[in-house]
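Provided herewith is a single structure, encoded as structure tokens, for subsequent inquiry.
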Amino acid sequence: MSEATIARDYTPAEMMTVTAARALVNGTTCFVGIGLPSEAANLARLTHAPDTVLIYESGTIQTKPDVLPLSIGDGELCDTALTTVSVPEMFRYWLQGGHVDVGFLGTAQIDRYANLNTTLIGDYREPKVRLPGGGGAPEIATNSREVFVTIKHSKRTFVKDVDFITTVGFGRDGKARDNLNPETAKHMGKGPTLVITDLCLLRPDPDTHELIVTSIHPGVTREQIVEATGWEVRFADQLDATPEPTAHELDVLRELKARTDRHHAGDTAGERA
Amino acid sequence: MSEATIARDYTPAEMMTVTAARALVNGTTCFVGIGLPSEAANLARLTHAPDTVLIYESGTIQTKPDVLPLSIGDGELCDTALTTVSVPEMFRYWLQGGHVDVGFLGTAQIDRYANLNTTLIGDYREPKVRLPGGGGAPEIATNSREVFVTIKHSKRTFVKDVDFITTVGFGRDGKARDNLNPETAKHMGKGPTLVITDLCLLRPDPDTHELIVTSIHPGVTREQIVEATGWEVRFADQLDATPEPTAHELDVLRELKARTDRHHAGDTAGERA
Amino acid sequence: MAEFMSLHDAIARYVNDGATVAMEGFTHLIPFAAGHEVIRQKKRDLTLIRMTPDLIYDQLIGMGCAKKLIFSWGGNPGVGSLHRLRDAVEKGYPTPLEIHEHSHAAMACAYEAGAAGLPLAVLRGYIGSDLPKVNPDIRHIDCPFTGERLAAIPSNRPDVAIIHAQRADKQGNVLIEGIIGVQKEAVLAAKHSVVTVEEIVDDLNAHPNACVLPAWTISAIAVAPGGAAPSYTHGYYPRQNSFYKEWDAIARDRDTFAQWMEEHVINAGESKGASA
Amino acid sequence: MAEFMSLHDAIARYVNDGATVAMEGFTHLIPFAAGHEVIRQKKRDLTLIRMTPDLIYDQLIGMGCAKKLIFSWGGNPGVGSLHRLRDAVEKGYPTPLEIHEHSHAAMACAYEAGAAGLPLAVLRGYIGSDLPKVNPDIRHIDCPFTGERLAAIPSNRPDVAIIHAQRADKQGNVLIEGIIGVQKEAVLAAKHSVVTVEEIVDDLNAHPNACVLPAWTISAIAVAPGGAAPSYTHGYYPRQNSFYKEWDAIARDRDTFAQWMEEHVINAGESKGASA
């Protein structure tokens, strides 16, 4: 660990964002979900991965927002995009057409086979809590070459089986991506290959596709992760220690968030009249 | 007949174009085939039907060419269009989407049930003459609310049964548009309602859909029409005399053609560099 | 052919009780002014179609205009829940709301297919999702060439589409710029369409391949400056992000909501029954 | 990611004998320079896809490059027949040519479906036409909602798409303007793509909703000023209508054609085997 990183404090949320950002290789074409994924993807673009191509479902392609969008269709995304296409074109040509390397998603719940639930808690016809629904996620998760998921780690979010599979990871039995029709297989991605939380990284077991912890963030204990996970979570034999954020990463992230706050506070100054 | 028209000579081709132009009601949205239909539709726009909306399959919508295009995708069509869309959008949203009142087609052959052949003479695998093929016509003929056809009248072009139905009129038995699936029926137009030749006008019999002569051009005899038609053509009980072209129509048509010839002779002057 | 009229008259003429209505605009250009006029005219039993219900449908639902919602993401973007939508779904207040739930990809394809005059949209969608179990409108076809099983859903073909756009020319041709969403598809798929615009200009000055709706695809055009606020109009005014945040507290409580709507919509109507 | 290279190298790398190739451009922006390079490099057994074969495929077919043609209208626009295409179909000269014949609507949908990653295109097409009798690729599906029988054809997914465009920026993003045809779809549907451009500029200065292909959808970009002639490039030079008329006489006779090609294409190549 270098001197530059030791000197700085950071929050678990910052740790999560920086780690999520690092997962994006420079040059990746990334279909970005709003919120945490958007924050991480833009941090990647502003640090180690300047040529990362960001696509938002609002139709904005290769966009380079100076501030984080509050919604998936902020004017900033269009103003800084290479081009903006219609939403049908976005989902048909760009996502289903196979041009997305990484689909970067948030979620309300995730289960041990990386299935995502953003629909509801409880029964569909008698929901305890009604959540927003699928949005772009169901097809982002199947049409992207691979999927990253970022979510705060807790027993409420990491459940053994989600109440509702809005968006498939590997299905109820971990086998949803096996034995597909050959034409489907040609277009279907690998699914969630990485889950980034504020405690650790998880990846699917190559055989069973059950999510297992592969890297633990600095200062986090195994017990904390077990405690925050709704199933008997397993740890990889080769368990990594997630590197801390660098001072540069923290600076860029904090400046991005400060810039964003200033921008969204001054609503009416945000766009040319 | 007014003095203005008596005084002027005109060719059978001019008679055909003027008569075809008159068939377009002002305000009609017309999907225009290249050649004779394009000439007639633009003459209509420049005379009695200034608000006629012309659409060409190249994607040019509401175009007002100053000169006749040589090809379906001349720059002139785009330069004078309200907007230009992609060709898939043109066929999906604008034609199949049901926005076309009149499809205006030319053809190589037409038969007694107004089926059109632009594919070949002879057998498909051993053609005597290979023609260009369907282009936009097969779906223009089914997705437009009605279809006008314009073609020079001869035994070679007016045949009892076309060798190949490229584009359906009323089918081999005249019943192709009857008894359709209700969803298909909702989207399928009336088919060819008018055929304009250099000798006469023909319309489908309301019951059998066989084309019958409903109006004869000035100076043309029934015998000429019978002689130029490849089946025993019938004449309507109420047979009209097609009005002659007016001097104004002829002036506008001739100026349009002269302007077109000048434009296409001077290739390189035709477009901004 | 587009007819210029007041917003009041446009809604009165084209939005009937029981109609299927699509108000589109993907974050951008959401037709709030038109939605408010629908509320003021107390339209009832509407089937509302929209990818992202957003605040506009939270308001319509909360005011009792809707009996059914076809949608794909029902949140307050960047903020949280749509409380009026949730109250209708969870508690049946003020009236029960039937929901038909899709993914964005499917909804976008359903509009595309509607514009294309087709009865169904086909997509490689819903694989492994539970949504087909709860939405009987999600079915499948088999590709006759590859044998692949693909999702099929009915196309969206609303009775009326309502959108907001930057501007119309005097002939009634309309230009939409920026994030164009599914507005063109919604208008072309609908039997009738109402378009509100920021202004009317002599010449659209549009790029040759711009998103332009010809006048003959539109039923009515009403001038409604600021008609997308608190959403935004590219080139005119920004999104009122702060209002989206404030909405959370307003909509959370039934009475606060009712009071806010009374004050800011019912009593603030531009045309309250008057003809322009 | 788009790589700038000479036209020679782009064709040598991406067009293999036996490949399925789509050269698109609907009257406008026909990639003649690239087609000529394919001829010079004596590519053989190509499956050529194109809505309107035009002179470019008449030349490729006449020079023996093609074994199969998938098309929807095979004429010389405004002039008459494509004599080399007819000679191949009618007489098998210089080699037999298998044809798969569609309508424009079907071909356009097949490109759209290819770009959309689907194996099939669905359209309300071919009703009453004899084309399904002679093209085994025209089949049908039944709509699971309405029972309507709709035409289905395989999507176009060429090995390589070749197009001409106005300009690229230095990062390799490409702008197409005017009559944009099916070029975007062809490129997005293809495994590889070669784009020739009039020029390379610092900034595309494109309208927000312009037809732009990002660099990462393109394999190779070659600068070829005048690369669409005798077709045209909107904003650069007009269509050589007179050449289209002259072509009729040139192509009608086998020897005249061979001589013309030798003189104007084979011996006039910009890059004849040389690397830029």
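By written order: A, B, C and D. Residues from 1 in each chain.
Here is the rule we go by: contacts are C-beta pairs under 8 Å (C-beta built on N, C-alpha and C of every residue); 3 or more make two chains touch, one makes a residue touch a chain.
Everything numeric in this text was worked out from a predicted model, so none of it was measured.
S.K.: What chains do chain A and chain D have as common neighbours?
M.R.: The shared contacts of chain A and chain D, listed by label, come to C.
S.K.: Could you state the distance in Å from the CA-based centre of chain A to that of chain B?
M.R.: That gives a centre separation of 56 Å.
S.K.: Could you put a whole-Å number on the gap between the CA centroids of chain A and chain C?
M.R.: Between these chains, centre-to-centre, one finds 28 Å.
S.K.: What whole-Å value do you get for the distance between chain C and chain D if each is reduced to the mean of its CA atoms?
M.R.: A distance of 39 Å separates the two centres.
S.K.: Could you list the positions in chain C whose residues touch two or more of the other chains?
M.R.: 112, 117-119, 123-124, 143, 146, 148, 178, 180, 184-185, 208-211, 234
S.K.: What are the residue numbers in chain A that touch two or more other chains?
M.R.: Within chain A, the residues that touch at least two other chains are 78, 84-85, 92, 96, 143, 183, 187.
S.K.: Going by the touch definition at the top, which pairs of chains touch each other?
M.R.: Contacting pairs: A-C, A-D, B-C, B-D, C-D.
S.K.: Quick one: which bits of chain A touch chain C in the complex? Just the residue numbers, please.
M.R.: Of all residues in chain A, those touching chain C are 34-35, 57-60, 69-75, 77-78, 84-88, 90-92, 95-96, 115, 119, 124, 127, 129-139, 142-143, 164-168, 171, 176-177, 181-184, 187-188, 264-265, 267-273.
S.K.: Name, in rising order, each residue of chain C that touches chain A in their complex.
M.R.: Spelled out, the residues of chain C in touch with chain A are 26-28, 51-52, 71-75, 77-78, 81-82, 85-86, 89-90, 101-106, 108-109, 111-112, 123-131, 134, 143, 146-149, 178-182, 184-185, 211, 232, 234-242, 244.
S.K.: For chain C, which residues are in contact with chain B within the complex?
M.R.: Per the touch definition, chain C meets chain B at residues 1, 112, 115-119, 173, 184-185, 188-189, 206, 208-212, 214, 216-217.
S.K.: Residue numbers of chain B touching chain C in their complex, please.
M.R.: These residues of chain B touch chain C: 27, 29, 53, 61-62, 78, 81-85, 92-93, 96-99, 143, 183, 187.
S.K.: Taking the touch rule as given, give the residues of chain D at its contact with chain C in the complex, in rising order.
M.R.: 117-120, 122-124, 137, 139-146, 148, 150, 152, 154, 177-178, 180, 207-211, 234
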